[in-house]
Amino acid sequence: MATVPLIDHANASPAVRAVYDDIKQLRGVADVNNFWKSLANAPAQLEQVWSEVKSVMQPGELDALTKELVYIAVSAANSCTYCVHSHTAAARAKGMTPAQHAELLAVIALANRTNALANSLQVPVDPQFQAG
Amino acid sequence: MATVPLIDHANASPAVRAVYDDIKQLRGVADVNNFWKSLANAPAQLEQVWSEVKSVMQPGELDALTKELVYIAVSAANSCTYCVHSHTAAARAKGMTPAQHAELLAVIALANRTNALANSLQVPVDPQFQAG
Amino acid sequence: MATVPLIDHANASPAVRAVYDDIKQLRGVADVNNFWKSLANAPAQLEQVWSEVKSVMQPGELDALTKELVYIAVSAANSCTYCVHSHTAAARAKGMTPAQHAELLAVIALANRTNALANSLQVPVDPQFQAG
Amino acid sequence: MATVPLIDHANASPAVRAVYDDIKQLRGVADVNNFWKSLANAPAQLEQVWSEVKSVMQPGELDALTKELVYIAVSAANSCTYCVHSHTAAARAKGMTPAQHAELLAVIALANRTNALANSLQVPVDPQFQAG
Amino acid sequence: MATVPLIDHANASPAVRAVYDDIKQLRGVADVNNFWKSLANAPAQLEQVWSEVKSVMQPGELDALTKELVYIAVSAANSCTYCVHSHTAAARAKGMTPAQHAELLAVIALANRTNALANSLQVPVDPQFQAG
Amino acid sequence: MATVPLIDHANASPAVRAVYDDIKQLRGVADVNNFWKSLANAPAQLEQVWSEVKSVMQPGELDALTKELVYIAVSAANSCTYCVHSHTAAARAKGMTPAQHAELLAVIALANRTNALANSLQVPVDPQFQAG
């Protein structure tokens, strides 16, 4: 369970309800998920995070699905149970096929493997990589 | 510096040289980078990792650049200095523009932020996310 | 569930019971929590950790609540489910208000965000920061 | 070195210069540090992060030094070299004494120790911690 | 629950069944565990991981139990709930006694403590450690 | 560089010198390494860590080399540059051969790979693993 109460729409302040309504409308869902209901205990944070999500996850130079794939990979590396679940669902909602998911898993597996090897070997950065 | 000697082509065993030559040919480079020169101290691991890289990083259900973007994000989350450098370079070699890099950074920033919040709040996974 | 049996007071060795009794007395609780019941499988570790907790978490140059706030933040970064729960409870027991918790979450969110950006950008340390 | 060019004030766009000038004025420094010069490659991110820093790191329900102590602890857990350096310096600028730093290190040491033990033992969360 | 369906032997493709049968035979178990049933959604990954497990976890220059102890320690550091459970069980199956487990926990506790201190202090690597 | 001054024997307090002398004598070295010189800024922590190292790293139910191998693996997972260097050197001093190092790297690579996969798939813990 969360370390804070989950705040339902019925029990939320007007400011929080406004954010919930925006989420529900934009995502076409009947209720917001537990992340938002938990974050509502910190209303300023709730507003900022929702604003950032709306802005950052839009298709742009990278398409929306690519962004969710990155999100899954980071969430797994950070061992965030909730985020892996919610963003895998989001990726599927944005069109991720099982075959794409399998390829993502292969990249995640390889990246974590080579990260661990590079950290274990303390590989020095080559000069050609150092020109930022 | 590495915790192992960096093994140059001239000092490598035939098996290691074979891997180096394959890397150089496939990537069109004059010399392999320090990750491979370090990993050459574990020749079986060198062969397996190179084989996996060749196979996994090919364009497939996901394109090659998308895979490098995921790789950068995982490497940053794992705080792998070498890997962030080498895969940012690889992503640029595969066409990543500064605008795409900026958007990737925005997703990385947001994902790490919400991962930390979800972990701090211990958000319970919603039922609709639990049907695997 | 734990990877070891949870050892109750009734089933504990005299040495372990001594630690349990000290914890119960100092904290004014009827029973020790699951962390101690798990750690009791390694009695030397149980004694050392309890001793360190008693010593380190005392108010000193930093007050007791500040120390719990740091503890929550570290536990979230390390994705330790148990520790986030237990130390959020401890912080509340030491006076943390919901408003303080919200501010802590804001710092945690910001720190994880900028850590991820700095790791992704591989920012070189400025000279003025290098004089230890 | 960074994976992006460091952008000096002289070479910055007007929008970026505006952020730099604000940082310099608020912090009373002659030049911005390398984190900002790196982040300037993603101007929207630069503006958002600076805005968030200004807002979050203000003294409020928690004082400014407490916030920096949390920031150091998170940065160490995330193995962010740059951030540990810059926020240790910031904490000193906000009055952190060597004795306070030593106490912070003691809490960091203890927290990482018990996080690792709890993760190794997979301690189940006690019922009394589950009422959020 | 998993983010993918768990694939039972009865519902598996011939290729997946072949891997399952090999696991069951080599490990002397009636059914494969949930890790394999989850990974079966990415059949190529399933084959590669099983092949690597068979090869790497064999006794060699290091004995089989030592390898499981390392595996537990890494899994705890990566906060992988599943892996800590499965590899603690595997270590016990390979002869790990409670006394050995307690000593492993002591090393894990110490290592995470000093890692955190070294990261907080940003200790520079001594010259004598730099000759790889 | 460190975020604290490195304290040499000549400039150390009597209490710190006592620890330095014990380290030098037990390890047969002419000078202590930078970790101890950094930690000396927190003298109580220096004494406790040295005491714990002396006690925990002794051969016991696990031999001394096994403990160093675990230490390397944890340090790599925690991306602790200093610790990977110092403990790889320590392992070599305790007899680790290049062939053993290569096998350790293979286990590290595999463990980080499967940890990442298990975290990405959110594999549910099997009942047979839940009896602690």
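As written, the chain order gives the labels A, B, C, D, E and F, with residue 1 at the start of each chain.
Everything below uses one rule, namely that a contact is a pair of C-beta atoms (placed from the backbone, for glycine too) under 8 Å apart; a residue touches a chain by one contact, two chains touch by 3 or more.
Everything numeric here is computed off the predicted structure, so don't read it as measured data.
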Neighbour overlap between chain A and chain F returns B, C, D, E
In terms of CA centroids, furthest away from chain D sits chain E
Taking each chain's centre as the mean of its CA atoms, the one lying farthest from the centre of chain B is chain C
A student comparing B-D to D-E should find more C-beta pairs in contact for D-E
Between chain A and chain C, the Cα-mean centres are separated in Å by 26
Rounded to the nearest Å, the gap between Cα centres of chain C and chain F is 21
Listed in rising order, chain C residues that touch 2 or more other chains are 1-4, 6, 38, 41, 45, 49, 52, 73-74, 77-81, 84-85, 88-89, 102, 104-106, 108-113, 115-117, 119-122, 125, 129-130, 132
Contact graph of the chains (line, ring, star, complete, other): complete
Within the complex, chain B is touched by chain F residues 79, 84-85, 88-89, 98, 101-102, 105-106, 109, 116, 122
Per the touch rule above, chain B residues touching chain F in the complex are 3-4, 41-45, 49, 74, 78-80, 132
The chain E residues in contact with chain F across the complex are 1-4, 6, 33-35, 38-39, 41, 45, 49, 52-53, 56-57, 60-62, 66-67, 69-71, 73-75, 77-83, 85-86, 88-89, 97, 99-100, 102-104, 106-126, 128-130
Listed in rising order, the residues of chain A that touch chain D in the complex are 1-6, 38, 48, 52, 125, 129-132
Note: in the complex, chain D contacts chain E through residues 72-73, 76-77, 79, 81, 84-85, 105, 108-113, 115-117, 119-122
